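Alright, structures below, take your time with them.
One chain, chain A, links the two complexes that follow: it is found with chain B in the first and with chain C in the second.
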Partner chain A sequence: MSLDTVAIAQSTPENKQPFAELGLKPDEYARIKEILGRRPTSSELAMYSVMWSEHCSYKSSKVHLKQFGDKAPISDALLVGIGENAGVVDVGQGYAVTFKIESHNHPSFVEPYQGAATGIGGIVRDILTMGARPIAVMDPLRFGPANAPDTRRVLPGIVAGIGGYGNCLGLPNIGGEIVFDETYAGNPLVNALCVGVMKHSDIKLAKAAGAGNLVVLFGAKTGGDGIGGVSVLASETFGAGGSTKRPSVQVGDPFVEKILIECSLEIFAEDLVVGIQDLGGAGLSCATSELASGGSGGMKVALDKVPLRDPSLSPEEILMSESQERMCAIVEPQKLQRFLEICKKWDVTVTAIGEVTDGERLEITWNGEVIVDVPPRTVAHEGPVYNRPLAQPAYIDEVNKQKITLPILNSASDIKAAVLKLAGAPNLADKSWVTSQYDKYVQGNTIQSQPDDSGMVRIDESTHLGVAISTDANANWSYLNPYQGAKLALAEAARNIATAGARPLAVTNCLNFGSPEDPGVMWQFAETVRGLADGCLEMGLPVTGGNVSFYNQTGPVAILPTPVIGVLGVIQDVRTRTPMSFNVAGLDLYLLGDTYEDFAGSEWAFLNGERVGQTPTADLAREIRLIELLLEGHADGLFKAAHDLSQGGLSAGLTEMVLRYFVGATITLGNVGIELLSESPGRVVVAVNAGTSQALSQLATKYSITLSKLGTTGGDSLIINDCIIPLSELRTAHTSTFPTLFG
Partner chain B sequence: MAIIVVDVMLKPEILDPQGNAVASALPRLGFTFANSVRQGKRFEIEIDGEPTPAQLAEVEKAAEVLLSNPVIETYVVRVEK
Partner chain C sequence: MRIGVITFPGTLDDRDAARAVNVGGAEAVALWHADADLKKVDAVILPGGFSYGDYLRCGAISRFAPVMKLVIEAAGKGMPVLGICNGFQVLCESHLLPGALTRNSDLHFLCRDQEIEITNNTTAWTTSFAEGERITIPLKNGEGSFQCDDQTLARLENEGRVIARYVGVNPNGSRNLIAGITNERGNVVGLMPHPEHAIDPLTGPSAQGLGFFTSILNAMVK
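On to the complex of A and B.
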C-alpha cells in the first residue's frame, strides 16, 4: 500500500475511502472533510474512525452523562472530577484515592483469558496515569446461564485471565460480583475496577503543555494487536459470521506492566513529567490527540520513530494498534536524560517520538512526509454527539402491571427447601471457586474481600487509615424500572460500605447496555443516568467518572440494563471495622429497616421464572439515616457484626452470616414467607452483645429506623421458627454449586 | 505404533511474552545468536499401528478444539515414525 500523505489527499479529493467499513456514517465522513477542508488521509481517517467510535467518543451517551456534572452535589472530597483518566477523592491525612471501573466485555467473549487479562491491565494503567500506585482490583462479572455450554468456556477463561494478570501484578482482588442470566449468553460482561492511592501533591493530568516539551513513548513495543479493536469490537454487535470479524487479539504481558508501574512511579516521584496518558483503546490516536487537546493543542509526532514489534506495520495500523503496556508522557527537554536513565534501569523501551508545539494542529509525519494534520480537539473531544431517539419500551407497562405469583411457604420443610434452594442458586452460592483463583492478600493490606459486604484495604500502615469499595447492580430491578434500579444499586453499594463502618465518599460506574440505536435501550440508559444522577445528588456523593458500554447484545436481544455502581468510602482505623458476621454464641440479632412484599426482581422470583411486577421505590433519605446509624454504632463499638441484605433477602443474608464462622442462629419470624424472601431495600442485620440492646434501640429511634429482634446466635444449626437446618447441610448446598458446574 | 505430533504456535502477529523473556535471557547467558524467539508447545500422541486418514482427521479436530486456541494460535499435525 502506498503512503497517503496530506499533499496527496489535497490533490486527489475524488479518491473513494472505506469510511463505512471503519464504522463511520456518511454524515460523519462529510463532517471530517468539512473540518479538514479536504478529504482525510488514510491515517487521519483511521484516527477519526476510532476516536469517533461509540467506545471512545461517548457520542450516544454524552447528552445524558452531562447530568453527573449538572446535578453534582457539593463535595469537599473531590480533587479531580470527570473527564480525566480517573477521578480523585480526598480521603484525609494528605492521601488521595483514585478509582474507576471499565468494561472489557466484547474482547472477553472473543478470547476470554486475554480479554479479561487486558481489561485489568487497561484499568490499572488508567489509575497509574493519575500518579497513583494501584493497590487493589475488583471484578463485577455477568454470564449466561450457569449450566450453558458456552458459560463453561467463557467463565473459566475469564476468571483465569483476571487471576493470571492481577496476581502477576501483585494486586489483591478484593471483590466484585458474579451474576448469571440468559441475556448475557453470547455477551458476558467483564467489568474491572482498580483503586490507587497517592499523596495530594502527586496528582498527574493528561495534558501536553509547554512548547518544546517532548512527547515520549515508553513501555512495550507496538505490534498488530487489536487493530481496530475499539471501533470494530466495541461498536458492532456480534452477528452471524462473527469469526470473520475477529481482529487480532491483544495479548497482555503482566510482568511488563509491573515494571511499567514501578518505572512510572519512580518517574513521578522525581517529577519528570508534565502530563501523561496510557495507551488503551485507540492506542496512539487517542493518546496523542487527547494529550494535545488537554494542553495548548499543538503537537508534532514522527510516527516512524515508534519502536515496532512487527516492522511491516503501516502508519495507519501503528496509529490504531492497541498493543498493551504502553504509556505516553510529556517531558521537559532538560529532564529527558534522567527519564531515559530510569527507563534504562527498569529495562523499559523508551523513545522520544515528537514535541509539543505552540500551534493548534496535531501533525504526524512518516519518514518526513506529513500524513496527519488535524485540530486535535476535533479528534478527541469534538466528535459527533447524538441525541438519539428514546421511547419507553412496550414491555415496561406489561411487566409492571403483572402480579407475581410465588409458592407460599406453609411448613418447616417448605422453609428449609427455600433456604437451601437460595443458598445453592448460582447467583447466591459461595463464589470461592472463583475468588480462590485470585490473590486476595498480596501486599498484606487487605482487610476485607469476598465474601464480605465490601472490599477494604489499609492505605497507611501507621495510622491504619483505609478505604472500602463495593460494586453493585441489580439488573432485574433495572429491567423493571431503570430509574429506580440505578438509585437502588447506588444505595446498596453505599450501604455495603457503611456496614463495615466506612463513610461513603464517591461514586464510579460502568453502564452496560444494549444497542443505543434501539430507542427502548436508549430510554433504559437515559432513565438509569437520570436515576443515578438524582440519587448521587440526594446522597451527597459525587460521580468521579465511569464508563459506558453499548452494543451488548446478541442479535436483536439486548442484555438486561446493567448499571454497575461502585462506591468508595473511608474508614479512619481499619482495625475497628465491623465484620459481616459473628463468631460467638449468645449475641442478639436485630434487623434494621422495614420488610414489605418486595418480590419483583428478587432472586426468589427469578428462581421461579418470574420477572414481573413493580420494584421497590428507593427511599434515599432513609438510606442516609441508616448509613448514619451504622456509622455512629460503629464509632461507639456497638456492632459485633453487620451485614447488608440484598439479593436473596434475609434467607441469603443469614446463610452467609452463619456459614462465615460456622456459628448458627435461632430466628423467630412472623410472616415467614415475606420476611425471609422479600428483598426490600435498606435493610441490615446486626449482631450486638445481649446487654447493649438498649443502646441500639436508642440509636434506631434517633435515626427513625425500624428495629426488630430476629433472634440470637449460637448452635450448629440455622433455626427459623420450627425449621431446623444443620449448618453442615446448609454449607453443602452453598458451596457445591460452583465446583459441580465448573469442575 | 506411531506418534502423531501436534505443534502449536502463537500466530505470528500475536505477542509472545514467554518467547520475549527467553530472547532477553539468552544474551545474559552469553548466547548472542538470536534475533527473536517464539515459544510454542508440542503434543506427542501415541497410537497403535499406522494412522488412518480418519484418525488424522480426528486429531486435526482435537487440535482445533482442545490442543490449540484457534483465536490466537495455529497448529500443525504430522506423523513421526
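On to the complex of A and C.
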C-alpha cells in the first residue's frame, strides 16, 4: 500500500475508506472529516478509530460516570482524581498511594495465558506511570460453570498467566475473587488491580508541556502484536469466529516490564521527566494524543524513528500496535543524556521520536512526509459521547415479585449437609489451588493475603504504616437490583477493610457489563453508577478512577451486571491488625449486625437454582456505624479476630474461621436455617477474650449495632446446636473442590 | 561484616535478602551484575527472582555476568556464597554446585509455607541450627525440582552435602527430597526455599529463616 499523506488526502477527497471495518459509525466518520476539513489519512483514520472505540473513549458510559464527580464527597485524601492514569490518595506520613482496576476480559477468553498476563502488565504500567513503585496486585475473576469443559481451558490458563507475569515482576498477589456463573461462559472476566506507593512530591502526570522538550519512547520495540486489539477485541461482541482473532491479543514479556519498572523508577528518582504515559490500549495513538492533549497541545513525532521488531510494519500499524512494555516520556533536552545513561544501564531501548511544539496540532511524519495532522484533543478527549437509550428490563419486575423457596433445615444432619455443601461449593471453596500459583511473599511486606478479608501491605518498615485493599461484587444482587447491588458491594469492600482495623479511604471500580446497545443492559449500568455514586457520597469515599468493560455478551445473553468495587484503606500500625480468625480456644464469639430472611441472591439460593426475590436494601448509615465500631474496637485492642460475613452467610464465615488455624467452635443458634444461611448485609463475626464482653456490649450500644452471642472457640469440630462437624471432614469438603475440578 | 547481595536484571528478592542480612546483624552491600569488583564483601548472596526472565534456562545467562566471574573465583578461595532459589539455579549453572533445578513435577509455580529439616549444620550458612532442626519457611518457584545423576546423588548423600530436605511432602519432585546442598568445602550453599522471607512472623510464616543469616556471622568469627 502506498503512503497516504495529508497532501494526498487533501487532493483525493473522494477516496473510499474502510471506516466501518475499523469500528467507526458513518456519523463518526463524518465528524472526523468535519474536524479535519478533509478526509482523514489512513493513519489518522487508524488513530481516531482506535481512540474513539468504546474501550478508549468511554463514549457510552461518560454521561453516567460524570456522577462520580458531581456527587463526589469532600475528601482531604484525594490528591489526583479521575482522568489521569490512576487516582492518587494521601495516606499520611508524606506517602501517596495509587490504585486502579482494569479489565482484560475479551483477550483472556481468546488467549487465556497472554490475555491475563498482559492485563497485569497494563495495570502495573498505569501505576508506574503515576510515579509510584508498584507494591501488590489483586485479581477479581469470573468464569463459566466450574465443571464446564471450557472453564477447564480458560481458568488454568488465566491463573498461569497472572502468576507467570506477576511473579516475574516481583509483585505479591494479595487477593481477589473467583466466582462461577453460566453467564460468564464465553465471557470470563479478568480484572486486575495494582497498588503503588510514592512520596507526594513524586507524583507524575500525563502531559506534554514546554515547547522544545523531547518525546522519548523507551522499553520494548514495537511489533505486530495487538494491532487493533482494543477496537477489534474489546468493542465487539463475540460471534462464532473467536479463534481467528488470536493474533490481535498482545504477547507479554514480564522480564522486559520488570526492567522497565526499575529503569523508570531510577529515572523518576532523578526527576528527569516532565510528563509520562504508558503505551497500553491504542499504543502510540493513545500515548501521543493524550500527552499532547494533556499539555499545551502541540507535538511533532517522526514515526519512522520508532524502533521496530518487525521492519515491515506500516505507519498505520505502528500507530495502532499494542506491543507491551513500552513507555513514552517528555524530557527536557538537557536531561536527555542522563535519561539515556539510565536506560543503557538497564539495557532498555530508548529513542527520541519527537518534540513538544508551541502549536496546537499533533503532527506525525513518516520519512519527512506528514501523515497525521490533527488537534490532539479531538482524538484523546473529545471523542463521541452517546446518551444511549435505556429501559428497565422486563425480567426485573418478574424476578422481584417471586418469592424464593428453599429447603428448610430441620435436623442436625440437614445442618451438616448444608454447611458441607457450602464449604465445597466452587464459589466458596478453598482457593489455594489458584493462590498457591502466585507469589505472595516477594518484597517482604505482605501482612494479609488470601483468604483474609483484605490484602494488606506495609509501606513503611520503620513506622509500620500500611494499606489494605479489598475488591467485592455480588452479581446476583446486582442482577436483581443493580442500584442496591452497587451500594452493597461498596459496603462489603469497605467492611472487609475495617475488620482488620484499617480505615477505608477511597474507591476504584471495574464495571463489567453486556452490550451498551441493549437498553436493558444500559439501564443496569446506569443504575449501578447511580448506586455507586450515591453510596460513595454517603460513605464519604471518593472514586479515584476505574474502568468500564462493555460487550461482555455472547449472542443475546449478557453477563450478570458485575461491578467490581475496590476499596483502599490505611492502617497506622500493621502489627496491630485484627486477624480474620482465632488460633486459641476459650474466646467468646459474637455476631455484630442483624440477620433477616435475606436469601435473594444468596449462595444458598444459587446452589438451589434460584435467582429471584429482592436484593436487601443497603443501610449505609448503619454500615458506617459498624465500621466505626470495628475501628474503635481495634484501637482498644478488643478483637482477637474479626471476619466479614458475605457470600455463604454465617455458614461460610464460620467455616473459613475454624479452618484458618484449625481451631473449632461451639455455636448456639435459634432459627438455624435463617441464621446460618441468610446473607443479610452489614454483619461481622468477632472473637473477644472471655470477660471483655461488657466492653464489646458498650461499644455495640454506642454505635447502635445489634450484638448477639454465638458461642465459644475451641475443640476440633464446628458444633452448631446438636450438629457436630469434625474439622477434618469440613477441611476435606472445603479443600478438595478445586484440585478435583482442575487437577 | 559485609555481605554482598547481587542484583541481576530480573532479580526480585534482592531487597528482601538485604533486609534479612541487616536483621541478622551484618551489613548488606548491593552488588550489580555488571560490577567488576566485589566491594570488599566477606560473603555473597545470590537472591531469588527471574534473572534474565529465566530465558534459555534458569540461571543460564546470569552465569556469564561479569560479577559471577569474581564470585566463582572468590568461592574457590573459600568465600561463603548462598544461592536462594534463582540464586541456587545460577550456582548450578556456574558449576559451583552439582545437579540442576528442573520444572516442578506438577508443572505449576508453587508458593507455600514449607517445612524443611536442616540435615547439615556445619556449613557457613547453617551453624545456627541444630542438626535435624525443622523450620517452616516459604517455598516459591516454578523450577525447583532438584535432579542429578545417581553417582552425584550418592556422593552428595555419602559426604553429608544435603543441607536441607523437605518434610511431609515432596513439593516439586526433587530427588531424595533435597531442598538444599553444599559444595565439598561447605562454603557454597544452594537452597530452594526462601529464608529471607521468614525473618519476622508479621510478614512470613515464621522467623526461622533468620538462622541462615546469623550462621554466616559465626562463620566469620571462626
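Note that the second predicted complex is superposed on the first by the 738 of 743 C-alpha atoms of A that agree within 3 Å, B and C clash if a C-alpha of one lies under 4 Å from a C-alpha of the other, contacts with A are read in each partner's own complex, and residues count from 1 in each chain.
Everything below uses one rule, namely that contacts are C-beta pairs under 8 Å (C-beta built on N, C-alpha and C of every residue); 3 or more make two chains touch, one makes a residue touch a chain.
Every value quoted in this text rests on a predicted model; they were computed, and no experiment measured them.
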| request: Using the superposition on chain A described above, determine whether A:680 touches chain B (first), chain C (second), both, or neither. | output: neither
Exercise. After lining up the shared chain so the two structures overlap, which partner does A:323 touch, if you call chain B first and chain C second: first, second, both or neither?
Worked result: first
Query: Where does A:310 make contact in the superposed view: on chain B (first), on chain C (second), on both, or on neither?
result: first
Between chain B and chain C, more residues of chain A are touched by C
Exercise for the section: Could you tell me if A:454 is touching chain B, chain C, both of them or neither one (first, second, both, neither)? Expected result: neither
Checklist entry - Touching A:253, do we find chain B (first), chain C (second), both, or neither? => result both
Exercise for the section: Would you sort A:223 into first (chain B), second (chain C), both or neither based on which partner it touches? Expected result: first
Contacts for A:114 in the overlay, against chain B (first) and chain C (second): which applies, first, second, both or neither? first
Scan A:105 for contacts with chain B and chain C and give back first, second, both or neither.
neither
Intersected contact list for chain A, partners chain B and chain C 253, 255-256, 347
In their shared complex, chain A is touched by residues of chain C numbered 9-10, 12-13, 15-16, 19, 49-50, 52-55, 108-112, 138, 140, 142, 194, 196-197, 199, 202-204
Seen from chain B, its contact residues with chain A in the complex are 10-11, 13-17, 20-21, 24, 69, 71-72
As the complex stands, chain A meets chain B at residues 110-111, 114, 220, 223-225, 246, 248-251, 253, 255-256, 309-310, 323-324, 347
As the complex stands, chain A meets chain C at residues 160, 163-164, 167-170, 253-256, 258-259, 346-347, 435-447, 458, 461, 574-575
